[in-house]
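First chain A sits with chain B, and in the next complex the same chain sits with chain C.
And now, the complex of A and B:
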């Protein structure tokens, strides 16, 4: 019922009566309504209560589920790791085998099959030091032939292959191994002398590609009290790393005193029997001993 | 120091590019640090060279010092010369070669001087137990001509010798004799191999050009790796004749390998063959004498160019073995006759 909002009643007495009637009806309703309102109120209240309960239940269930999921993932992991570890085991085995094949290098002679034959690797060593590796790629055909290789040109590969390649490949490879290891050993000794014992040398070390001729002038004591000796080492056997001919001479006008002559002869023997760098190491140690004796 | 020597030193230093000047002078090791410090290297080349020549005069440079400078310049600019290759051989069953560099040098000089008094011989030791020899030739009555020397590069205990092309051809037999005797060999023969690229010649005769070897360290066998062509790179491109392309690639890889090719500038084929024709009654076909013709392939990098021919579709694969045998046989000069 829309009332005019200007506060003035409109329409005379009958209208006024109508209004009053309506008012009474309303207030009567309001008297009745509290009950209804209360009923509605209580209904709503119970609804709220119900919903709250439901909410709490749901919250509790969510928590439970989360806990269950966590627990179940913990339980599930062992299963997955079982799968992974099978794969891992296979991978590890493969890596292992690969590593073993790669480690065969350390035996000195190893190889890998190729589409046309085999690629042989000769790894040289001297006194427990691993030195250079050389390769020969062989084509397995009749006749057996070398496809390409990394053997230095001054090693007599032609000669060795003419003698042995077609008749006895094992012998061919062992022969080559011998030559290469001996060359690597001689080269190692010459390099060691040049780098570690340069102080003992009075002049450059003369050498050649095969390192089978070494010529140098040296002093037993680097600080110049001893006489300089000239050494000439020949390695006529290319399969060994020790010299076959040694000549130690004295560079000077006067004759050597018997003591120095003894030293010269002993040096010759030393060069015959021991690798070069070991001979010089022993010179260095003797020098230290002398120093110690001077000090004490 | 006489005028001709001063002039020679001046011209040698003038050849050196400014960027290399310090490096070359230090390698020469004739002028001391102190002396070099007194020179202004920022001035223009001509006054710089003038100053350097004065220092050389002060220090009394000899012909041998100047020759050494010439060797060093040539070592830096080896591509400016064309190199020939000679192969020496020994009698079978000879003793082990105990090569002594000093003995070689003195023997070499002795043999040359015995035949020719007027000759300047200089040596410079180089890497891998090798030596560079410079020889300036004179005659019985004339002093050596320092402007036309011959260079020889020799790696000890190998049968190969590399020489820069000698204009005075009459001296070659003497040079060959000196090298053979001094290095304990019996015979020397000129190979049919020539190039500007000394390092490539060395790689070819020492058989060092293919250094790819299969080991257990490589991930995949070499052949498989190279067959993963560009063909598979872009999936939007469909290749027709894919099978043929792969065949060509495989055949090329078998012939040339998958390593960088040694560098040569040409291959020359001298043909003395009868003319072969499909037409009967062709005048040339009736000719009894063989035709002579010369075919020369030139390229900044001949072997790489030949390798690219079949994959580029310009030639059929496999290429003629006359082209693919070049590094293997160590030849780039061929004479072909009818069998």
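And now, the complex of A and C:
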């Protein structure tokens, strides 16, 4: 029998089994003998007992090994995956926080911590158009101090900071936002008028640095022979992008015909209520309609 | 005897199988062990890897504190943000020098008790001379609040695509509402018997009643309005209530002109002092 031969070389339990086997074989030869048969039977019983013991031993060993392998995979590998995923989570969170910090510019106020305080960036826009941004470097100590800034000199920064900087920094920053956005809005309108509606302007557009006083001469029909209107727009409130005072005068004639007077008054109303370039867009549209009516 | 022999054979087979099983896991186990070892070595030799993980953590900590600082500074906290870009550059030769990129942004967060969710598109056009960024579409979703004044303002901001105005006005609006609440609470505390806040301190209504003068009532309606340009302004009105008899006796039309007088009072004294004098005028007896 194979296992017996195998057992020989291994010794121990198997060698013992081999001896038992030989005993069995011997006893087989004496089958006729009931005594011998009895002996064979008891020998088989002993063999089964020994084999069972061996099997149980092996079963236990296999179980142990499996447990060890399992433990090693549980203990070490998940540890590592845990480490990696933790790092991944941190990496993802970092990218997310970075993006959110960037996104703050859409609120109008974003910033970066410095060694002494914070450098705040103030974004400006007029309606949907994203315009310039300005920075103000604040030293956080008592009292709060402005270290550097890129805010134009004509913005009343001193006045705003005296009012609010020490008492309510949030209010201070939003006030500054209001001033800067209104300035950006006025400048944007004046720029658009110059660049997009130059054909309507008779002569240059005059403005002060704050862009809160604009004056220009314009014609409603660029190619028409009409006399020009003179407009003077004043923005007394520096936090607005619509004028507080509008005067439109008619050049050329002392006395206006009722039709011209009506037009002059309607222009004043338009300048009060609509951004400058939008007023001229409406002039241009009317002009087109006029052209069309001439053609047809 | 046959059954015994069969059992012997079964046991032998099982033992053989178990021996094989004993060999295999040992090899497999060694493999995983080796793999772990090499992984560990890889990590350890890659000292930069460890360092970067440490750096990452401190960098993340720094960014988180920056975010916290910024949300405290602005009073606006942005919780989630994502952006997708789409290249719209025309590949035709004529327009090659003009780059067009469409950005789709999603942003959500809150300004004090008001939560918002924004979706907006920005079209960036870059040519040789200039770069222009224009918000082409703005959607603002806000959870319904007790502040009905906001809905009209929100649709105006959407219409004008004025994102910055939205945040600026929201800030000033919330600031005014907080101030109103503090003021109402202050008077309720100071004059608990006379001052009533029927809809709570966060509402726009304060009622003054005197125990000595039943039937008389001063209702103060304090609204926070946002104008066309997004500027936030308080608007206070006085509604006096008096018994019919008192109205008949009011020869000098004091009650009728009270709302206008209140306006003048506000202009001269400011909100807090005007309210204080109003309460005192009705309830002198109660607090003397």
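Note that the second predicted complex is superposed on the first by the 195 of 296 C-alpha atoms of A that agree within 3 Å, B and C clash if a C-alpha of one lies under 4 Å from a C-alpha of the other, contacts with A are read in each partner's own complex, and residues count from 1 in each chain.
By definition in this document, contacts are C-beta pairs under 8 Å (C-beta built on N, C-alpha and C of every residue); 3 or more make two chains touch, one makes a residue touch a chain.
Everything quoted here is computed from the prediction, not taken from an experiment.
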Legend entry - Touching partner for A:132 - first (chain B), second (chain C), both, neither: neither
Legend entry - Which of chain B and chain C A:101 touches, first, second, both or neither: both
Legend entry - Partner chain(s) touched by A:212 [first = chain B, second = chain C, both, neither]: first
Inset, instruction - Mind working out whether A:268 is in touch with chain B, chain C, both or neither, as first, second, both or neither? - result: neither
Inset, instruction - Please indicate which partner A:112 is in contact with in the superposed arrangement: first for chain B, second for chain C, both, or neither. - result: both
Inset, instruction - Scan A:51 for contacts with chain B and chain C and give back first, second, both or neither. - result: second
Legend entry - Residue contacts with chain A in the superposition, chain B compared against chain C: C
Inset, instruction - Using the superposition on chain A described above, determine whether A:236 touches chain B (first), chain C (second), both, or neither. - result: first
Legend entry - Contact residues of chain A, present in both the chain B and the chain C interface: 98, 101-102, 104, 110, 112
Legend entry - Residue ranges of chain A touching chain B (in the complex, touch as defined): 98, 101-102, 104, 110, 112, 114-115, 119, 121, 135, 137, 148-150, 153-154, 206-210, 212-213, 215, 234, 236-238
Legend entry - chain A contact footprint on chain C (complex, rising order): 1, 4-5, 7-8, 11-12, 14-16, 18-19, 21-22, 25-26, 28-29, 32-33, 36, 39, 53, 56-57, 59-60, 62-67, 69-70, 73-76, 78-83, 105, 107, 118, 120, 122, 132-136, 138, 160-165, 167-168, 171-172, 175, 229, 231
Legend entry - Interfacial residue positions of chain A with respect to chain C in the complex: 3, 37, 40-41, 44-45, 47-48, 51-52, 54-55, 58-59, 61-62, 65-66, 68-69, 72-73, 76-77, 80, 87, 90-91, 93-94, 96-104, 106-113, 118, 120, 123-130, 169-171, 173-174, 177-178, 181, 239-242
Legend entry - chain B - residues contacting chain A, complex: 95-102, 128-129, 155-158, 160, 205-208, 210-211, 213-217, 221, 223
